[in-house]
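Each of the next two complexes has chain A plus one more chain, namely chain B in the first and chain C in the second.
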Partner chain A sequence: MNNDRRALLKTAAMAAAGSMVAGATLPVLQADQAVDGLPTGEGLEWNKAPCRFCGTGCHVQVGVEDGRVVAVAGDKAADVNKGLLCVKGYHVGSILYGKDRLTRPLLRKDGKLTEISWDEAIETIAQRIFDSPDTFAFYGSGQWTIPEGYAAQKFMKGGLSNNHIDPNARLCMASAVTGFLATYGVDEPAGCYQDLDECDVLITWGNNPAEMHPVLFSRVTDRRSRGEQVRIIDIGTRRTRTTDAANDYLEMKPHGDVAISLGILHLLIENDNYDKSFVEKHCNFRGDEADTPTLQGEPISEEEFRKRIAKYTPEHVEELSGVPADKIRMLADLFGQHDIRITSLWCMGMNQHTMGTAINSLVHGVHLLSGHFGRPGDAPTSLTGQPSACGTVREVGTLAHALPGGRVVTKPEHREQSEGFWNVREGSISEVPGYHTVKMFEQFTKPTAEGGDITTMFVQVTNPGQTLPNLNALFNDKQGLEDKFLIVSDVYPTATTALADLILPAAMWVEKNGMFGNSERRTQQWFKMVDPPGEARDDCWMTIAIAHKLFEMGHEGMKDKDGAFIFAVKDDAGQEIPVWEFDRYYDTNVDKHLFEEYRQFTTMKHKNLAPYEEYVKARGLRWPVVEQEDGSWRETRFRFSGFDDPFVKAGEEFEFYHSSSSDGRAQIWFHEYQPPPEMPDEEYPMWLCTGRVLEHWHTGTMTRRVSQLSRAMPTAYVEMHLEDAQAANIRQGEIVTIESRRGVCDLPVWIDGRGRPPRGTIFVPFFDETKLINNCTLEAYDPFSKQPDYKKCAARVVKKTTAKVPS
Partner chain B sequence: MRPPSRFPALVTRLPKPEVEERPLAQPRSIGGIHIDPVPPTNLTGKPLARTIPVHRPPGAIDEFQFLAGCTRCGDCITACPYNAIVQAPDRLGAVAGTPVIDADTSACLMCEDFPCIASCEPGVLVDTIPPIMGTARITEHLCLAHHSTTCTVCSERCPVDDAIAVTDGKPVIKEDTCTGCGVCRYVCPAPENAILLMPAFSRPGLPNA
Partner chain C sequence: MPISGLVVTFASSVEEHISAIESITNIPEIDLGQACGSKLAIVVDSETKTRDQEIWNAVRDLPGVIDLAVAMVAFDEDTEEEPSTRN
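This part shows the complex of A and B:
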């Protein structure tokens, strides 16, 4: 793009963004956000949007013609992906056009789904909430846009004084949150994707970015094709496509990661090659409290830390992890070299872990103790799997215990501040945390008479009927409970809508305005480009419409201190716009109103966001975004590093300004290794690990409706080692039954397939709603994050001819 | 950071929405006698020369002998467990009605026992010649793996051992091993299919046929 064109685009974008400020105009499609080199055509307009799928946050260019998405291309102007997409991303446009889109609200009457009007649907929901506000729960996800999550959060905690709101991100990254909080006192990675461009060593901890974050992984492998040396070390429980690209593959036993990180810490101390000056200036040591462990932990001396870590010798670690002692030494030697840059990546392998908080903290500890922190390329970085797990769940705080901007319901001053920003009555927000996901569904599927005190559940943008662990106990038990009412907003029929009492057809992706926040703290914005089909409507509108119905019914919580509706939006003349009527919803940009209100919350934890218009112009901005003297807004790539983070005291090299010890220091934790909650035994001799595949995103409700992706990966399967298969007389492709103590699942066998588990381990992806592996998984969870462990439980593989009939 | 790609960027074109077919208008008639004018003879629809190669099932003999011997009985079509064999459409003229494989709809999965060959009574599908239907080529500028992103579907699903190897993350087809079954073409998830499938131009004939 030449400079003239760039300047022209910038002016046009600003003019267009300016028109938004009035608030009363229809969103202007930002055709000028298009980039060069894309096909042109009569009536074809290109516009930017972040991809709908994972947490990488690639931008796509969306081509729209005659009110329909007709083309998709990578966005060359985006820093994250620079024009590249993964196989899913190239097909993201087709997810709008599956044949079985939900287009009308459906109410189950006498067991049959019957079309009803939106008015009846909203009234039905409002009446149930009005009758029993405390037994209502709201379950969302990291696919909520930022304004959607913010509206849900305000509706529940500010309006209903009910903290039973939790997201599926609880199943996905809650342990990363607690790891960051325990270590730095504030959530989210300090580094950014630039670390991948500058690291000398990349360690993937139970992580498979080649398939799950392929665009990020290509930032590393592309460097190799340019002749740069990048050493990739893959630590995992099975060989994957990432292993194919790795220089070293360290195969560990489940939970071995805890031992490996302890082993590295031990050797850094033992060999006396840790970064003494970094530790002295910027770190404290922490251990669990003896009686009730918390995320704060208790201070321990360096001496005490040395004493506790002493037993984790390479030989002992080899015993616990299965990784040879010399490989542990190799890792420790790498961390002991200060002149190289090391980036650690992790995702579900470390998060879906009953020691999730511990292993997250320990890996941060390895980077802190060795000083491999805060220089470009030196970073402990967790990746997210959902497009706005960070932006919505972690930043807006749509978790049972949280309030926006890093606040928590248990702190009086946080409640007070939130009540202030929301202008709701004092004491509106309850101090008692709501139910976390597993507990919420336990209480929903337990009969009311037996104490199941959640009776109405509203599920938006997620599919718990497929993703919850131990589905038979946590979801399927809902069936037949007359007084339990499940409301599901979705775009397609799913395993969750199968048990729904009321189904709401939702608008998705570019059928609505939205904002996401990706894995590197990048907040992204897009505009509605096409209309949703039939009567499908925005999730955010649903929340506001329900709230307004309650307001009309006289629910006190839906009024602010001045008696006004808590989601009131006024035009320039001070007139309220009835945004709860869907045909008036786009009279203004509700996203912008909600975002500007939410922005007030973001400064306390220095997660400062820029005004909405700045995001219209950009391909996302990484917070903290701070206004400069010249009025421009500057994003931050490296938090806590003096050279880049505006909140680090002048002259300091590093400052952990939200330190939980209030002394500007990060915490290096010691956690004792503990064995997994369920281990293979004689009855169930195999480790069962679950996860994802490249071609499908999460439960496949979108990607399985794209023919190219469905052809490329038509069915779930079970990966088995050849010798295990031979021992059981099982052939390639044969359908077998996977059994655990909780349930069964039939799957075809794939030997030496894409992933290659060692003997004694099987792997099953969870994307296929016709083969629900979560019937078998275990609901045991981390004590701090409450995130269940989907990566390990005991199972057996049974030949169909000898399988027992499922009970 | 990323070097300029040697290929133009990929653009996904979404298919046009499916429009429900309107029933054809009933022919007009007076007292049972059709009054619509008879359409002129369409001279452009003449049978095509048989030199245009078609994608035959495995074990098909030389095309000239095949056309002479095939009775269009459809037994191979019935025998195929994967519905991969279909009748050639009418537009193919002389070839119409004979068994062909359209990998875009359903590819040959290279059964070990070739039920199609076993079912062929006229003997135009035979197990005495190699079951080679054609060959696949990768169109690199369309292939996702050549655009820096992970994709290994064609090699994973290829039913022929070692016909597609992955080197540095990119698929390479061994042309002397490839049988042209078309599975790679069928499964390729690139925005525009990156597999070019070419039917065999000549196949061995039977002596004394």
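This part shows the complex of A and C:
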């Protein structure tokens, strides 16, 4: 960096930081003002993009010079982060430049990875699909951009008539989806991040936003630093950095959240302290069917609800959850106060749960019964861990049972609508749901002769070789199965590419166009800014290129009703642009074409999106986005609330217009507490919980390539309570073996570290591919969401040798 | 050789954290910027990524500091990262 440039950037850095401290409330600027104050000069250009990491959806300004990303700045025009970034956002530009980027397609021949051409790679994949389309599965991600996920969805369900497509988001937020569906009849939070600015009480349910969503948490701590009173109540199974900021910490046993929510519901009813008017006007009561429970459930009377909830007294809840009865009363008293605003936050702690749908529904129920819903600051809100878990997985519907826009494959009218939008033949979409994630990998790793009917799998933008539970059964068993073929598209070598038969080098983040949808229903857009290295290419292009190869091979599904290629893109003169040839892919904006096609689906469940060009101008818009009389497009902050939601009938205060009971009401559920699927016993006496750390994003594929982050948190570890360690004669830093009934994992011990688990509990982060804790975890899953429970299984700690732990 | 503009947030007004401010002042790579309420702007201009990380950690761990956020970072020629420690 030359001295002039360095001085210029230093001045700009001071200006950027200074503008963030000026005034107690940070202004939200107009989009076109965002680059003001950032240095420009010969060759240096700034453009906007959402951050590549978590589901918060912070916007950054990306500085590019000579074809390289050289700087990032928090985007002052972004309502989400108002110019600030967390430590991972700070390094988001560096993730492009790890030295071991994948740059050429690699095919495993005689056990060795060999460079091949893209033509050979695409032909190899197309041939395998052509030969056996029904045994092909596509495994994707909440990191798929919206157009990438939409292309994969159309390719599979519209083109191949194959519903075996599922995303890694099944592993992190599927129970949130089913919780919303069971309660409101439609997915995704009603509130938005403004709730964090306006609540009086923030309850974190098994959630650690101080580390996992730090910019969001800073909105709350910033309020305190301005002298505002906001009470934080942390309900969790271990102390975390969020606990450090909390006024109250309620330590629960694993699965205790179910009992706690039942206890609050019990007390609200028992004390006659619920919001009768809200419940009478806007809610029904619901319970599980006796025989085969469904997401719909069956109606129960308020009297029946009272009867069922009666046994969940504070004392009984204390027994089940470990949280003292007086703390349960404290929570119920808070929810009983209607003049305060309460926001609940949760993420994987509540979702990765064999009662995931139940606990999600119960927490919604606590807010509904108490009337803490629909006013700014009164909200039950789930967060997502991936940048487009909402936009791509939930909205585009890249799940084995779903179609775009909240449609499902089992309903004939939904299939018909989708076939219409895709202009494919009637009956193209199969009515049989495909395999969900756990089932998909079970079928892939089971020998074909034994019924393993998935033989080819294409994994894009995710790393199941590290994230799946019980890896020895669901992933590692692939080794040695000669007829199974694993295709992996990624940016770096991973635990998944280690077993891949074909590896495709992918473009990432600002090396391609993209759109993400964040946790508050905000759809965000960016343009390609730099070229990917070597021969790395866009994931969306890969899907289209494979589809076109199948089209050339005569696959009927790749032709629409008129005989044209299902991904055909035409120029203004009506000539088809060969976007399947990579050097022609950017002759047009493929994202825009796909998005405008997808947008037709979004009105079906009132998740209306604006035209692509509106997202180019904005730092995201929260759906539903509706056109105004003057031609402008208005976003929605608070769904179902008459003061803000355009789809609530005029004059109504609230309306749940997708109610599963078809009467405009939300459902307050009763679910009976059930014990965890596996409990500690004499042989395996400890609870094992897994999770994340501030410095690394999920499997660490990107963040472990950033030396600052890697040095700050170089290795995974096991958190232990001091007394458990002393009882086993284990010292700080010693290597121990964690053993479960499924596998083992060696780790250094960290006592009284960042997280402090109670006695009988251990915690291990999953970011480190050299220490695969998912060899030990359990694949038991929620019956509705099919989401596995990574947060609790039985394990033991066996002393090994001495090593160092992070300091 | 990263240059970063950071925002330090204290638990209360900046003036109430004199010892922490002194500690920040004693780090030669840091320039102090504007302060308002509980927030303080700083710029870190360090020679190496290791030093950058040390400074980041030191500021974050100071008593009274409840948040450290980034307003801008320029890393320019320093973008070549080391391979991960995988396998």
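Keep this in mind: the second predicted complex is superposed on the first by the 764 of 807 C-alpha atoms of A that agree within 3 Å, B and C clash if a C-alpha of one lies under 4 Å from a C-alpha of the other, contacts with A are read in each partner's own complex, and residues count from 1 in each chain.
Assume a contact is a pair of C-beta atoms (placed from the backbone, for glycine too) under 8 Å apart; a residue touches a chain by one contact, two chains touch by 3 or more.
Not measured: the values here are computed from a predicted model.
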Classify the contacts of A:493 with the two partner chains as first (chain B alone), second (chain C alone), both, or neither. second
Just to be sure I read the superposition right, which of the two partners does A:226 touch: chain B = first, chain C = second, or both, or neither? both
Applying the touch criterion given at the start, work out whether A:770 contacts chain B, chain C, both or neither, answering first, second, both or neither. second
Between chain B (first) and chain C (second), which does A:729 come into contact with in this model arrangement: first, second, both, or neither? neither
Where does A:754 make contact in the superposed view: on chain B (first), on chain C (second), on both, or on neither? first
Of the two partner chains, chain B (first) and chain C (second), which one does A:100 touch, if any: first, second, both, or neither? second
Examine A:704 and indicate which partner it touches, taking first as chain B and second as chain C; both and neither are also allowed. second
Which superposed partner A:694 touches (first chain B, second chain C, both, neither): first
Is A:247 touching the first partner chain B, the second partner chain C, both, or neither of them? neither
Would you mind checking which one, chain B or chain C, touches more residues on chain A? C
Which residues of chain A are in contact with chain B in one complex and with chain C in the other? 38, 63, 68-74, 83-87, 90-91, 93-94, 97, 214-215, 218, 221-222, 225-226, 245, 708, 711-712
Listed in rising order, the residues of chain B that touch chain A in the complex are 1-3, 5, 8-14, 17, 144, 147-153, 156, 166, 168-169, 186-191
Footprint of chain C on chain A - complex, ascending: 1, 5-6, 9-10, 12-24, 38, 63, 65, 68-74, 83-87, 89-91, 93-94, 96-100, 214-215, 218, 221-222, 224-226, 245, 492-493, 498, 700, 704-708, 710-712, 714-715, 769-770
Chain B contact footprint on chain A (complex, rising order): 37-39, 63, 68-74, 76, 82-87, 90-91, 93-94, 97, 197, 210-211, 214-215, 217-219, 221-222, 225-226, 241, 244-245, 694-695, 708-709, 711-713, 753-754
Chain C residues touching chain A in their complex are 1, 3-7, 9-12, 31, 33-43, 45, 49-50, 52-53, 56-57, 66-77, 79-87
